[in-house]
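Shared chain: chain A. Partners: chain B in the first complex, chain C in the second.
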Partner chain A sequence: MPFIKIDEKEFEVAKGITVLQAALANGIEIPHYCFHPVLEVVGSCRMCLVQVEGMPKLQASCNTSIGEVALDKKLDGKYDMVVNTQTDAVKQERKNILEFLLLNHPLDCPVCDQAGECYLQDYTFKYGNAHSRFKEEKRVRPSESLGSNIVINQDRCILCSRCVRFTREISGTNELFVQNRGYHSKVSILKDKPLENLMAGNVADICPVGALLNTDYIHKNRFWNLDTIPSVCQDCSAGCNVDVFSQRDEIFRLTPRENHDVNGYFMCDIGRYGFHRFEEIERVNQPLVRNGKSFDVIDWAEAIQKTADLIEQSNGKTAGIVSPFHTNESNFLLGLMINGMLGMLPAIQAEEITYPSGFRISADRSPNQRGMNNICGGLAEDLSSEIKTQAIRGLYILDDGVDRELDDAWKEILAKMDFLIVQSYAMTDLAKLAHIVLPGLAPYEREGTITNDQDRIQWLRPSLSIKAESKPDWEILMLVNNALNKKAENFTGLDDVIIKMGEQFPNYSGITLFKIATQGIALNGKKM
Partner chain B sequence: MATIIKSYEPTFWDKLYFPALLKGLMVTIKHFFRQKVTIQYPDERHIPPDGYRGLHRLNKYPDERIKCVACEMCAAACPSNCISIIPGPSPWDDGKERYPVRFDINLLRCIYCGFCEMACPEGAIELTEIYDFSNYSRDDLVIDKDGLLGVYELTKKQNYYTKKSHSPASLPFKTERT
Partner chain C sequence: MSAFKPVLTQHIHQQDCHTLPFYQSEGGYSALEKVLTMDPEDVIDVVKNSNLRGRGGAGFPAGIKWGFLPKDMVKPTYLINNADESEPGTFKDRLLINKAPHQMLEGMLIAAYAIRCNLAFIYIRGEFYKEAEVLEKVLSEAYAANLLGKNILGSKYDLDVIVHRGAGAYICGEETALIESLEGKRGCPRLKPPFPALEGYLKCPTIVNNVETLSNLPHIINQGAEWFRSIGPEKGPGPKLYCVSGCVNSPGVFEEPMGTSLKKLIYENAGGIKNGNQLKAVLPGGSSSAILTAEEAVVLNMDFDSLMDAKTMLGSAGIIVMDDTVDMVQACLNIARFYAHESCGQCTPCREGTTWLVKMLTRMVQGGGTAGDIKMLYEITDNIGGLIDFSKGSFGKTICPFGEAVAWPVRSFVEKFEAEFINYIPQQETVA
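Up next, the complex of A and B:
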């Protein structure tokens, strides 16, 4: 293990890693643009230059690797390498590099969507000159559209080539390249091959300046206005970790959150823009009960009582339909309440996509299929025929929401039921058939745990407030259960439900939201 | 050390009472012949000095395009959080990509510090000399983009208060009781 010193700090590092990696891992800041942990090192931005003792010139720390030297050649008798990041030469070099980068950079931070999270802004403020010596006219180049979701502002680009390497190494689609040489260089696409792949949105995230922007978010808001909630993507079973940015109860964008056990640094465009489909839906705001062809509004106490009465009258001939879109807690409580036959509607499947880097979009396009199967042991294999053989007269359904399309066969089965209780957030096809509709929460309002297809339990955190009279899904189920069974346990919060769940399913014991935190827990390895 | 304060002994003139009364009246009489300090509001209006910070306005370019680019620097600088802006891509093709779709100022929250003018990179928001914009409801005191642009039209050529006796034009937002 090489023993090195960076700015008076001494530490041992693994052999072969670079100076920049060693510094970042030990909390020493070296400004950099072109370096990204998962992309190939090019050393093109020259921002990370440091002084290495024994070397005549400043070295790019991102491609200077650390090795061991012979005993008699060690510096001060013990160091394999001594690095200074704060000498006058380094500071002057940073100023010079920033001056070059800013030559043609339009100082339009007030209208740039990257402002506030821009590395060029941060580093200029911290290391750069306060004034420009450039008196000539700045070059102005038009913005170009690279694909349906990405635009490039050529003026702002600093040619770090992160985006180019991303399409070569991570998505493997090779759309972007640097066109021309020298002063005329620019990031560009071929006319007949636009940046259209399901990972395209990531290039806007990895761009250190405001050159690449998502058309979905452009001119929508300012970064500092938004509240950030770490949560989990709900568009497939891979369960990518995301940050949800919202303001005044409206989601503005989703960005991937670093988690090396799940998604690395990236997410797909299905999840990135998926939140829009919940924006304009017909919400159910109050408990509804069927009256002929329309619905009447009733209050919660009445709705719960009516539901409990219907289930009681059916004499055990009520089945529950759990949902892979709901949290583990909701599915668990439905199992507790029905205490009989549980089933699910046909799974929502699509093509599984795997990228060269290993990034995966799961074939199963519901977030919690694995969790649902773990929690609800005896799910009926073929629910439609089971309903016939067991003469089921009523159904309590956790609705999948706007993603579920009912086929005619199921509509027929549901129409034959004596009663149909649907817990949903929107007036879906299913809710329209119901006798009682109980308003639950929409995605991004829900809280709970979900399990991805690698058996990793993750904390789904809400970023929007609860609308109108709707209640959390687990609370509705608990209230109905309490009305059915006077001895049933009264949970005061989500944590109580998780503890109870752990008692029944040993895989899930000892889990708390605090332990899950932002990175999740693997259920099979049980690493805590 | 204790000091002994002798109480005032009134003299003969003091005891007459009248000289003191006349002396006091002289102060009043002198003011009859001085320039008046008070004005007959609302028949007359006070004309504020230059640099007075009153009602806001949003400036326009000569070609009627709004100067504001919705960068929200004013909202970020505002100590009372009274400015709320919803930006959007601008409908004009003149190189400025943003414009405010909505621009609301809550005049009740505003403390008229003028930080917004100072923060504005485009010189779009300014405080005018208008000080009498009282209203009948709190809702009407949240003024929108049209109101702010209307204030610009009112004040772009001349001072809102031209003469003392002149009664100024009505404001470009709702001021009646409902």
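Up next, the complex of A and C:
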């Protein structure tokens, strides 16, 4: 392994990696624009130039790979390469490049959505000049729409070509290209082939400046106002890691969070804009009990007691409907409570999409099918016939929160039940049929663990606070369970539930939220 | 030294000199016949021994370039004849294509055989429409005579040649941009390494040689490396085509040995300065070379090393002569405008810097010059092209040498004719 020195730090690096990769991996900042870890190296921004000992001119660190040199050629007798990122020449060169990049830049940070997370802004503060020497007229170009969700502000574009390479190498859709030449270069599309693919939103994330913007977020907020919660996307079972940005209980945007065992650097637009679905939804805010054709509001204690009574009276003829949309903990507690027949509603399936880069949108559009199956062994295969043969009288349903057309067999079952208890955050079609509705939490309010289709357990963190009288789903289930069972188990938090779950399912033993952290754990220690 | 007799252009004034029968009647393709019996490595050795340096601009030794090809080749090797002649002031390759195309094709065959290539390209600039037609005719003649195609002259050696017309971009003369363009992509230079000899066309080993370089090969094979080295300076010998244009009485292409004095080329070959004016400045190697003042120019010899010592370059030997009626600021703006137009736009300094120069020079020419402009011109050119220190090699800051190609001339104009630039700055500005 080559042994190198960058500035005053010395370390061993893998043979063949570049100076820039080595520096970034070891906490040394080398400013760069066109380099992105998963995109082809083009070396065109010239921002990452460094001094490599023995080389007459500054080298683009993104394209300088590190190899081993012969023993007698080692620098200072031990180094395979010595790099300096802090010489006067390097510092001056950074100033020069930034000066060039800012020549035609409108300097409109106060109205730019990227402000606060903009590499042009940051590097200019850190490495650039305080004043411009440009006396000529700036070029002004109109912003253009590249697709239904992406616009480009041509004046802010620094032509790093990350977005162009993204559509070539990652999405494989090839919508973007550089049009014209030299000073007139601009990122563009063909009229009849706009940037419309399910990964399009990522180009705004990888844009290091404020050129590419999601129309969904333009002028909605400022970066520094937003709280960032690392969480997991809940729109398919791939389980892409995301950062959820919110302010005062309102989500403003989702961006992909780096996780090389799951989604790499990207996410799809289904997940990215999916949070809007929950904004308009008719929420259930208090426990409800049926009164003829409508519901009466009741308090929690009464609701729990009524629920327990119904289950008890059914004499073991209550089936539990678990949900691939709910956390492992909620499904586990429902299983614990029913201790009998479990089933699920028809799964929500769509087309599986795999991109040339390997990025995948799963056909299973629920986030926790795998976890639910792990935790609730022995789900009834043919639920409707099972219900008939076992003479089930009531259902406790963890509602998916997704309305779907139920087939006649299901409609028949629901009509025949003596009672339906629906735990749901939304007034779904199912909830409308319920005898008791217990208000749980919506997806971005929930906390717990979910297991993706590669058997990786991940921590779903809440980004929004609990609304009205809703309670966490696991807590509702615990309360009902305790009301049913004289041996009450007072879990004080999720971790207690997870420990209990681990006792029963060895795959999940030894897991804590702390250990799952932001990157998740491959179950059975298998590298996924 | 006995009087030099043109080699490459010896027949260009004769009738039908571009046809195969004519070329064969003058002994054409005899070098090819000789080469086909040789070991390819031996052909490379002959060319190495001749010290033939590339005539396209960079002056890299051709034999050494060929030697960079991987020894155990598993992928096919390609030869590209760079006929993208686009350096302003250069028009020698066009002459060779029009008047001695078979000489060039024979050179291609020799090179292709030496590097074990079975598919070669002629990348010709888009504007050379007529020349491309000439080449198509030449190729069909050659195919008909079994000089191309399968089993050439019964030697079991196969070679196909394809003429590919560019779309008229200056940068596509840079070999990696040329390769990108040939692959059907946007003509942007590639990052190096890897160099084309290892990863070129379709990521296969590729050699790119200039028309004039290739045209020399039949003569080197026929007359030997020693004969070639006896012409001009040892380190960069051979016959050379010089393109003299600008303020001279009879501009044109002149074949003289390497190292011919600039004075002879201007005053004898090109008939001296027009209208009896005085020589003011010379761009010796196309518009991307640093300019020479009259005093510097008249004592210089036109070869790679002499011009390098004079902090300019032989380049493509496009000698642009300027007399005392030329406004150097306007000329400088003209050059800057050309390069701003032709920048591919990949690298920040070149994309942004070239247009900055144009905007600034335009403002100066229009009377809006300010006191700091001269200093700024120095700094911007340095920031685009890097410090110019010939003793230590190129100090470029961009992916390809285009940055230097604009920085060198502009900087040299300001350096050597600073007074004219100052004249463009209004009086009150200079006092302040």
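Quick note on the criterion: the second predicted complex is superposed on the first by the 516 of 528 C-alpha atoms of A that agree within 3 Å, B and C clash if a C-alpha of one lies under 4 Å from a C-alpha of the other, contacts with A are read in each partner's own complex, and residues count from 1 in each chain.
Here is the rule we go by: a residue touches a chain if its C-beta (ideal position, glycine included) is under 8 Å from a C-beta of that chain, and two chains touch if they have at least 3 such contacts.
Nothing here was measured: the structure is a model prediction, and the numbers come from that model.
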Room on chain A for both chain B and chain C (clash or fit): fit
Now for A:Gln305: first (chain B), second (chain C), both, or neither, which partner does it touch? neither
So, A:Asn96: does it touch chain B (first), chain C (second), both, or neither? second
Touch count on chain A, higher of chain B and chain C: C
Looking at the overlay, does A:Tyr183 come into contact with chain B only (first), chain C only (second), both, or neither? second
State whether A:Val111 touches chain B only (first), chain C only (second), both chains, or neither. first
For A:Cys45, is the partner it touches chain B (first), chain C (second), both, or none of the two (neither)? second
Check whether A:Asn84 is in contact with chain B, with chain C, with both or with neither, and answer first, second, both or neither. neither
By how many Å are the closest C-alpha atoms of chain B and chain C apart after the superposition? 24
Touching both chain C and chain B, counted on chain A across the two superposed complexes: none
Using the touch definition from the top, list the residues of chain A that touch chain C in their complex. 41-47, 49, 56-58, 60, 63, 93, 96-97, 99-101, 103-104, 133-137, 158-159, 161, 177-178, 180-185
Would you tell me which residues of chain B are touching chain A in their complex? 69-73, 76, 87-89, 96-98, 121
Given the complex with chain A, which residues does chain C contribute to the contact? 169, 186, 191, 340-356, 359-360, 363, 370, 376, 383, 386, 392-399
Using the touch definition up top, name the residues of chain A that touch chain B in the complex. 110-111, 218-222, 224-225
